[in-house]
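Only one structure is covered here, and it is reproduced in the block below.
Just so it is clear, A, B, C, D and E label the chains in written order, and each chain counts residues from 1 on its own.
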Amino acid sequence: MTVSAAPEAALSVLPRADGSAKYSHAGYTITASVNGPIEAQRRDEHPYEAHVDVVVRPAAGVGGTRERHLESVLQSSLTQIILVKNFPRALIQIVLQIESTPGNDYVNTKLFQASLNFSIMPALFQTAVLALLSAAVPMRATATASVVAVVSQDKEKKLIVDPSAREIEAAQSVHVLAFTSHDELLLAESEGDFSVKEWDDVYETAKKICCQPESQKAGIEMVPDDDNARGPDMRQFLRSTLEEKVAADLHWK
Amino acid sequence: MPLDTSAYSLALLRVDGRRWNELRRIHAQIRTQAAADGSSYLEMGHTKVMCVVNGPSEPGPRRGGVGGTSAAGSGGGGGQSKDAEVAVSVVVAGFSSVDRKRRGKNDKRILELQSTISSALGASLHTHLFPHSTISISLHVLSLDGSLLAALINAATLACVDAGIPMTDYVAACTAGSTSTYAANDESADPLLDLNHQEEQELPGLTVATLGDSDRVAVLVCESRVQVGRLEGMLAVGVDGCKQVRGIIDRVVRDKGRRMLQEGTVEKGVGLEDMDLD
Amino acid sequence: MPREAEPSLNERQFVLQALQENLRLDSREADRYRPLEVTFGDEYGVAKVSLGKTRVLAKASAEVTVPYADRPLDGVFQIATELSPMASPSFEVNRPTETEVLLSRLLEKTVRRSGALDTESLCLVAGQKCWSVRVDVHVLSHDGNVIDASCFAVVAALRHFRKPDTSIEGGILTVYTPAEREPVPLGWLHSPFCVTWSYFGEEGEMALLDATRAEEQVRVGSCTISLNRHGEICQIAKLGGTPVEAVILLQCTAIALTKVKEFSAYLDKKLAEDIKRRDAGGRSAELTAENDR
Amino acid sequence: MEVDQQHPLVLPGDTIDPSLIPTHKKQPLRLGPGLRHIPPNAIIPTVAGQLIADHKKNSMWVEYNGGRYIPSPNDLVIGQIVRSAADLYYVNLTPYTSSATLPQLAFEGATKKTRPILAPGALIYARVTLANRHMDAELECVSGSTGKAEGLGPLTGGMAFDVSLGLARRLLMARSREEGGVEVLELLGGEGLAFETAVGRNGRVWVGSESTKTVIAVGRALRETDEGDLGVEQQRKLVKRLIREMR
Amino acid sequence: MPITILAPKPTRQAHSHNGHNDDDAMSDSGSDSSGAGGDDDLDEMVSAAAAAGLKSQRDSKYEIVTPGEVITDDPQWMRGHGTYVNPATSAIISSVAGTVSRTNKLLSVRPLRARYTPEVGDLVVGRIVEVQAKRWRVDVGATQLASLPLSAINLPGGILRKRTETDELQIRTFFAEGDLLIAEVQQLFQDGGAVLHTRSLKYGKLRNGVFVAVSGMGGGGGVVRSRRQVWTMDAANGGGQIDVVLGVNGFVWISKHVETPEGLVEKAATTGITNLEESVSATMYSSQNDRIEVDTMREIARLRGVVIALVENGLRVDEDMLIRGYHEAVEMAMVSADGLDDLYLGGEKGEQLAAVLTGI
């Protein structure tokens, strides 16, 4: 149960969907399917752009307000990076199935945990982006996301990337940030008590994870780093995942 | 309340005094609702159902509002409404059984019943003759004492005959059970015909519907645990029971037809003897 | 919700024509299943089943609740099946289709009503506290025969599942966390499996096992037979469709029994493998890792 | 495949090295699928794939596989009739999408009296004549210039198989073996199987033959080549195996 | 089927339904019909015949065929409506319950009752259920909606007037949803759908009256195809003249008589053609009722009651029956305590009426 285990992903795992991805990171495993552009229902039809429909399904139990909230956050941020204007009146349907969440051997949880909203969001977001890439849905840019918690430890504020459920419980504030591949801030959701300064720190940390400049990557990997504030290099991860997929697709070249 | 089966082993009589192969009293009428295209009322013992059929008719511009199920297995339809849709709705009245349990419209058991009846009749009705249209079958359960699905199928068949909707043959149904319990692989267990509520609760059983006088099974529903060895006997008794039921409901139709001929409301037909070559 | 795509006339005719020549599109024999595979997750109670291109995930979970008033000595057990647009865009969330209702009913009858799970063993304090066991079935990809795959996944997930251990001392119920006490398996009585036959032809004279979606779309009827390896029928459902000779149905049941025995043996083997895997590097290693922290 | 400097992997939103953009004095630059032009002069990929530039034709595109077919003019497609209206057919190109239209007179030699009557569910081989984001695509089954069918029209009998868009594109290449690396169809033909095919850019391949077995063999060959990402050598082995199984 | 049932030890009693046959027959009819006594024997014969393949049973002239019954396996016959052929045996089998009829070598079964099946030339009363771009969809009680193309109606302003796009745009000004009309079946589609026309001054929109739907074809009462489906009759008690339209589809229209366009035509012969067109145009597609006297309304209601009483008692509805029934109803009202205002013809009164009509 190492918290910042390297993310793993596989693309096009579902044979019948237009695009799909399976992504595991920090104890979460999520499978996503993307279908689209397909015919939108009359009530979802928009004359000038595609409607992006996001469905989040919990592993156990029925979806509730927590899932609806995640859906609405994801829907609005994904709509920003998908070229929705390319497909007026159409529907792009993203279904995110949560397969497993990090277990906690020390608590017997109820089936649904409200506090998990934040820690799962980056995983959901990342899976959705991968599935969209797998479905070759035209996008303005790719995007990466991260979750950072601020905990006070010995009167000092400390940032934890990809915090565990226990850490979130202990945290003063939790933040989810997503950046596009153009380094634009795409999504920022915060919860808890925090100062502007703290948020700035969080921003910098998350940006480092999400927007690692590629030129630097060789050097950084060499540095042994046990600082908890460092997460995986998400952008590089995305690129290498796609490289594998494209290589397989174009094996005939 | 466990079923007292001791009487059976002694006298070979069931709780209601029937022998193993006896049907309960079946009473049926057709043409019970003047306003409908077809209608029927049917009693199998104390299970009482009525049925109203409307159509085939084409729904107006508001399409798709019908709360029924389409004929799933009705023989190779192109799906683009080449065949008539058979929409079935089943309402179980609150007073139909002792426990007065409310069954909602979206009760999955009711939805399953509807789907089964639709699909069973859809396979016999000549739905291909009525493109774009809907045959809507409404069934109401007034009293419940076992063999519900069988009674519903029989009532629906009768009402469809009354509505003059062409069909390959009657779809007749009844239940069969076994005196064995599921655990005991009891070779000497007797099959039983037409289970009442009490027997249905305690003994393994199944519902069979067959097409006409054939051994072809349209519906086979078994919802209880039973040794596979008991199946053949129960199925044989059930199929045989379906033939008896077919005979009974056919007689209901013939009686009605004869009466209408006598009253002169329909023209007489020609007999075979009149049909010699010209 | 877009309408489900219909196969073209050419496909319809071809599939039937091929069946008449005893051929299937994937060159399988009539009574042969596609490769069936079950994998278990790291968590207890998660089973993923793949049957050709059909994929089903089942997850079992448990929590302590109050038993139903009319059944004070029984635990609560439910199987939830909701088909999401992931399986096909024609499924909509919160609007059950006929497929979903029938699937849900079949699993209910096969697993729950047949008494596969000993619900009495879920009772903790009579009338006050009991376990509520729930299995969520998620169809990830729908390429036909979702019923058999789902049923297998549900049984596999439940047999793999471990619920937290409990004790009652002086009327006080303690539920132990996995760290305190090793979780315990459910009280399991028998393993039922579904075998679905699809019928083709004017009189339903051709019967196939494990139909793909393309085959399901042109079939004239189907019959799902649920059995356990002891030869007990748990349920049979031929819900309408073209009538089929009674004799064929009996033959189908006999073949289904052999399939169920195969399933049963396969699942036993996979569960045993999983336990081995967990023993080797799983549980003990995990415990030491936790102690380090 | 090596991700080389000439054909780099691109992700949506990546900046393209200007040296890779072909420059040609006379011809205007043509952008293929997966790229968009943002005025004044930025060219941005919209999908993940390999960037290909053709300096001779002064064109560039992103090579990728997967996703849903999006109609584009002059594509050859296999469509399924959904229903007919007064003077046109509604045709489905991929499931769950809105229908394309096919005028009932867009068939070889069709007049008001002699137009073909197609039942819902019938398959046609057609060319996309019009496709834009605001309108449903339009199809034809006759060449506008010659008035001949040129192989287009209703497809009778046979079977339609679903393949990936990438394989469909490779099968449609003029030299599919050399350029696209697919040889299964030729190999099967070489083994003496008699069949005809029609490849739709929308990821459908129609196979017709007197023999049901042949159609099934071709279908399996296509599917296994597609799903297994088989190279030419593996395709040869596959065909040998299928032929053996047929006997 | 190689399934055999091993009976339990005591000998199987011959299973008989005699116990409840009487019951069935009695409650079915609800009246002590004269045939009931003989029913039992007949029933046994029927079931015996059922076992023997149902073929020898047509000697009784009061016998019907039921679904699944083999009518003949003689290959010389051709199958018509209400039958199908078993591909294996090529026998002609009935698909409905009804009586066998024969036209040359064509065997068909007339169902005891069914929805209306349109035939070319039928006069029907229908209701508009949908307005489309160039046509209306009309409920005529058939299995499918009939269609009435814009090109098949008379446009105001004369028979020879050309149809324009403006007419398409204001298609609702001619017929809107819910409007009733009288029309003729002009042609049939392959799938049985009917195309109507109203290109005659006899046809068109209906107003000034009341609509009654009686079951379509076949038994249990209803409209039968007859010599005259439309007529004008003099009502009793100062009701003036009343028009009756018996649609072949079982839809009936009873209305106050207004000077028909045909009537106008005769007059127009003297006044000139333009005049006619104007007067026709004015009222042709009006949805406004004219003033109707109370006396007329009462008699219209009485006629409606007669129609319903005929149907309830299983009698055919045609001109002769309806006129006789009407006169009888007037007589009955005369002697009633409520006098002329006694319009109720249900229940016993209806039976009484029916008895008088069938008794003659």
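Here, contacts are C-beta pairs under 8 Å (C-beta built on N, C-alpha and C of every residue); 3 or more make two chains touch, one makes a residue touch a chain.
Please read these numbers as outputs of a predicted model, since none were measured by experiment.
Traced through touching neighbours, the fewest hops from chain A to chain D number 1.
More inter-chain C-beta contacts link the pair B-E than the other of B-E and C-D.
The chain with its CA mean position farthest from that of chain D is E. Taking the mean of the C-alpha atoms as each chain's centre, chain D and chain E sit 56 Å apart. Per-chain Cα centroids separate chain C from chain E by 54 Å. Chain A and chain E have Cα centroids lying 67 Å from one another.
Shown for chain C are the residues in touch with two or more other chains, namely 2, 6, 9, 12, 89, 202, 245-247, 250. Shared interface positions of chain E, defined as residues touching 2 or more other chains, are 1, 3.
Chain contacts: chain B has residues 78-80, 215, 232, 235-236, 239 touching two or more partner chains.
Residues 12, 15, 18-19, 35-39, 81, 83, 85-90, 133-142, 180-182, 238-239, 242-243, 245-253 of chain A are the ones touching chain D in the complex.
On the chain C side of its complex with chain D, the touching residues are 2-3, 5-15, 17-18, 21, 23-27, 89-90. Of all residues in chain C, only 6, 9, 12, 96, 98, 101-102, 104-105, 108-109, 113-115, 202-204, 218-223, 227, 231-247, 249-250, 253-254, 257 touch chain B in the complex they form.
Residues 12, 19-22, 25-29, 31, 34, 37-38, 55-58, 60-61, 84, 126, 129-133, 161-170, 190-191, 212-213, 215, 232-233, 235-237, 239-240, 244, 247-248, 250-263, 265-275, 277-278 of chain B touch chain E in their complex.
Within the complex, the chain B residues that touch chain C are 69-76, 78-80, 106, 108-109, 111-112, 115-124, 182, 185, 206, 210-211, 214-229, 231-232, 235-236, 239.
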